[in-house]
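One chain, chain A, appears in both complexes that follow, with chain B as partner in the first and chain C in the second.
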Partner chain A sequence: MVLDLFKKFTTLWIILIVLAFFPIFTSTFDLPFWNDVVMRIMLLGMAAMGLNIVFGFGGMVSFGHAAFMGVGAYCAGISQYYGLDNGWYQLLMSAVSCGILGILIGFLALRTSGIYFIMITLAFAQMLYFFFVSLEEFGGDDGLIMDRSDFIFFDLYEPLRLYYLIFFILATVSIMLMLLIRSRFGVILQAIKSNESRVEAMGLNPLKFKLTGYVISAIICGLSGCLFASWQEFVSPDIMHWTRSGDLMIIIILGGLTYLAGPLVGAIVFLLLEELLPDLLHVLFPPISENWMIIFGPLLIAVVLFGKGGLMGVMGSKLKTAANREKT
Partner chain B sequence: MKNNVLELRSLRKKFGALKATDDVSLEVEKGKIHALIGPNGAGKTTLISQIFGNLKPDSGDIFLDGKSITNTSVADRALLGIGRSFQISNVLMDFSVLENAIVAKISHSQETFRFFRPAFSDPSLIEGGFAILKRVGMEQMADRKVSDLAHGERRLLELALALAMEPLLVLLDEPMAGAGPEDTIFMTKVIAGLRGQTTILLIEHDMDVVFQLAERISVLVEGAVIASGTPDEISQNRLVREAYLGSDQ
Partner chain C sequence: MTSTLLLEQIFNGLQAGITLFLIAAGLTLILGIMDFVFLAHGSQVMIGAYAAAAITIATNNFYFGILAAIPITFVCGYLLEWLIIRHLYGRDHMDQVLATFGLILFFNEAIRIGFGPAALFTNFPSSLSGFIEILPDTPYPVYRILIILVGLLCALGIHLFVSRTRVGAMVRAGASNPEMTAALGINVKILFRFIFAAGATFAGLAGMMIGPLTSVEPGMGEPLLILSLVVIIIGGIGSVRGAFIAAILIGLVDTVGRVMLPMLFKTFMSVSTADTAGPALASMSVYILMAVVLVFKPTGLFPPKGA
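What follows is the complex of A and B.
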């Protein structure tokens, strides 16, 4: 079965293996800054993979998943504010809070579909955003400075430990999702995306499955947020700003929403461009180096227009045509 | 003793001033193929939607196997034993033929909240899926994508999915709609083969098919049942001939 999973999700495994050995590369060439960039890639990639359970596999366009990242981050921040700096506890706390919140929001929001679902998820996310802005005790708008969490067996003062903690959680989530997507539950979720009324006619209540998927995705985003707080050593409502929900959707679409590895590929490309485009523009056209989005926007449009299935789809079809050419 | 799988008692449904269902009472006997015919706009699909649960009647009662199902949801009625094929093909387009059958098998098994073992490579589900396809003679096409199937083949698959739940009653809403002559002949054969195994309420425009298959026919005109009886009785009925078959026949 392990071999089977490897064959089915090759891209995802390759990315995980590269991530596992990436710090060796950075220490050999003395580029510790890039560890930091890759941690951010892993965190946003993980959140996007979580969102993609509902977005890509369940066909529910949720525009508020950054809120779950925010709740996860505040679970870490507020726990530490009261002296509870055990990281395991904080991760559990994030998962439980986001799970409960996911049930509440999902139960109400999933009564709608299409554009109304997009709007209602955005509305809930904005409510949570302003709720945390209003919490003066925890810094309100300015946020909360915090230390990296303590994981009992190890602390995170050594950046590499944080790197491998994030990697470990990402790898665990990835493997769970590989199983989930092909399980009975995963198959029914995708069947609902394909044709909800047929699934209903088979005697299944679609809401139950959509809600379960929604809660799972909320928990994954919460875990990502909790680790994000340690990485940033700072929590503020900014982490759950609606533009981040948008970023997560862009990452998924860029990478390819029908693929499990899509969001991770999207996060890699998105964040590398964010990192590299300003420098590149600084050399080529200094006047617009601040506005790297001028290049990024059209690039995104090109991928959506010409690459059916995002970057994963483009890579897949390129490989296929290459294989066909070899055959003939 | 009467043995009715489905019983409708003075069902009414209005859309504004239009009486789409006007005091309809109907009994469908167990094991029979019962056809519901009527000119366009007679309210056949409205009636079937109420039986299936997509629409709520304004008044009246629906009984399945003696139990009232008037207030239960679509999914619950499907579990209680109503299978349906829709007027417009309604299958899982992004899946293969076998995968469609496997999803039906999963939902019939009731073991749906399983998160780890892969479903499409589970031998018992594959076997169950093939058994579902066999009933309509589609096992040769198992690996084909539904989006590549011809129209008639999709209709056949939909019938298989409706049968997969081993329902007490199958609602077939114009199963021949849009199918070519060969598909119609094959489909008629498949449905005829189900006689005695399951109870079928058939809505169909093709009169040849109706008179070949049905053991009882009810005629719906302007929301009301104007006649019910055996095919012979219906074809002799003067009211029906005037309202529906055309007075020149």
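What follows is the complex of A and C.
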């Protein structure tokens, strides 16, 4: 069983193993800054993996999943505001709130499809965004400064504890997703993506599966948001701005949306570009070193126009052609 | 006092709604006819505003700025369609979202490099800075009245064009059934490019006109884009008439709510809480409206026939 999962999801396992040993690398070469970058990679990657359940496997283009990250983050922030420091409790709160919200929003949004679904998910995200902007008690637009939460087994102010907490949650989520995708549920969800009426004709109710997928993805985004709050030591509506929903989609499509590891690969590339493009531009064209997006934007368009299947797809087909060449 | 303020806000709402309509008119056709999720429409607004502002500053003539900016936005839309957009028709919605998101990033950064991150300020000429009394003792700025009039004129023009001309008939046919339209021998490619460029021009015009009222800055188009998407969804994708009604509705709800909700809240909340909660809840109300419409009419209020 374990070996089976390993064979099927090799890339994901390799990434997880590299992430597990990455701090050794940074401490050897004294690059603590990169731990921070990798923590962001893991957090955004986790949220994108959650979104990818509906997006890549279920074929539902949700443009509002940053809202669930925001709800998760505010669960941590608001709990702490009232003196509830226990991080595990906050994670539970995030999961429960995002689950309930996911059921409500999913139930209403899944009545529509196509462009209307994209837009209604965006509408709900905007609603939540402005809801948190309106909460003056918790800082409104300016947000809420907070301490890292108190996770009983991980004192987050010790070096690397936060890193391994995030890693632990990411690894747990990844393994559960591996099982989920190969389960009956996962197979039916993917079947709905390729042909919904056939699934219906088989006597299954597609809405039930789509809604379940939506709720699971909402919960994972909520967990990521809750940890994000501890990482950032700050919560503001900015975390759920609609452009972050866009970022999550970019991450998924960059990595390859039909692969479980795709969103993680995408997150690595996305955040590395964000870190390295300014440096690169600084060397090549110093006057525009701050404007790395002028390269990044066209890069996205190029990925869409020429790179079908994202990086995972490109790597996969390269490997395959190489293998074919060896055979012949 | 309150009724004067209310009347003023209703006019502001109309002005905002008309502006939204100019942006949404092209976008609803792009979404409806080409089935294309075009997120960079807000950038067209920005391009229009910048072109007008830059030319106005250079020549010191507001009217010349507007007149010169109109063809610039048309050419921009035309080139954009020809270079990039036409390769993306028929692709997945998510591909379109991603590519046009990339365009937004590109345009915002290009403007930031070209004009700097700070906002450009232009003033409309003094002949337009007066007030008209719309009711006794209720002065209202001439410039905003002018925006409403120009917008209504454009709306009328678009309406007549779509409902009375031969090309308009092709547009309507395209909105209800693109494949059949193509099968009837209509050159859909040219039609698409024309609609796209025209839509860009109207969005640009909206940007040019609101430029002096708001700040002309990178990223100014995105809030407007999101609102005009709401307009399009409420009105029904592909319906210009629906977009018009929904735009006025959203403009009024957003503007009037922004002023009236804080006043309402102050009756039972502390002043500072009401000042934070009011405008945010007014912004929320727009999306609540949209969600309610979609839940009861999943294809909007006025879906084009046959869609």
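In this text, the second predicted complex is superposed on the first by the 327 of 328 C-alpha atoms of A that agree within 3 Å, B and C clash if a C-alpha of one lies under 4 Å from a C-alpha of the other, contacts with A are read in each partner's own complex, and residues count from 1 in each chain.
Criterion: a contact is a pair of C-beta atoms (placed from the backbone, for glycine too) under 8 Å apart; a residue touches a chain by one contact, two chains touch by 3 or more.
The shown structure was predicted, so the numbers you read here are calculated from the model rather than taken from an experiment.
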Comparing chain B and chain C in the superposed model, the one touching more of chain A is C
A:Val199 contacts which: chain B (first), chain C (second), both, neither?
first
Looking at the overlay, does A:Phe270 come into contact with chain B only (first), chain C only (second), both, or neither?
neither
Touching partner for A:Leu299 - first (chain B), second (chain C), both, neither
second
May I ask you to decide whether A:Gly246 touches chain B, chain C, both, or neither, giving the answer as first, second, both or neither?
second
In their shared complex, at which residues does chain B touch chain A?
52, 73-76, 78-79, 83-84, 86, 90-95, 99, 102-104, 106-108, 111-121, 161-162, 164-165
The answer for chain A against chain C in the complex is residues 55, 61, 63, 108, 111-112, 114-116, 118-120, 122-124, 126-127, 130-131, 133-137, 140-141, 242-243, 246, 249-250, 253, 257, 288, 291-294, 296-301, 303-305
Quick check on the complex: what are the chain C residues that touch chain A?
31, 35, 37, 84, 87-88, 91, 93-95, 97-99, 101-110, 112-113, 222, 226, 229-230, 233, 237, 272-273, 276-278, 280-281, 283-284, 287-288, 290-291, 294-295, 298-300
In their complex, what parts of chain A are in touch with chain B?
1, 4, 179-180, 182-188, 190-191, 193-195, 197-206, 209, 212
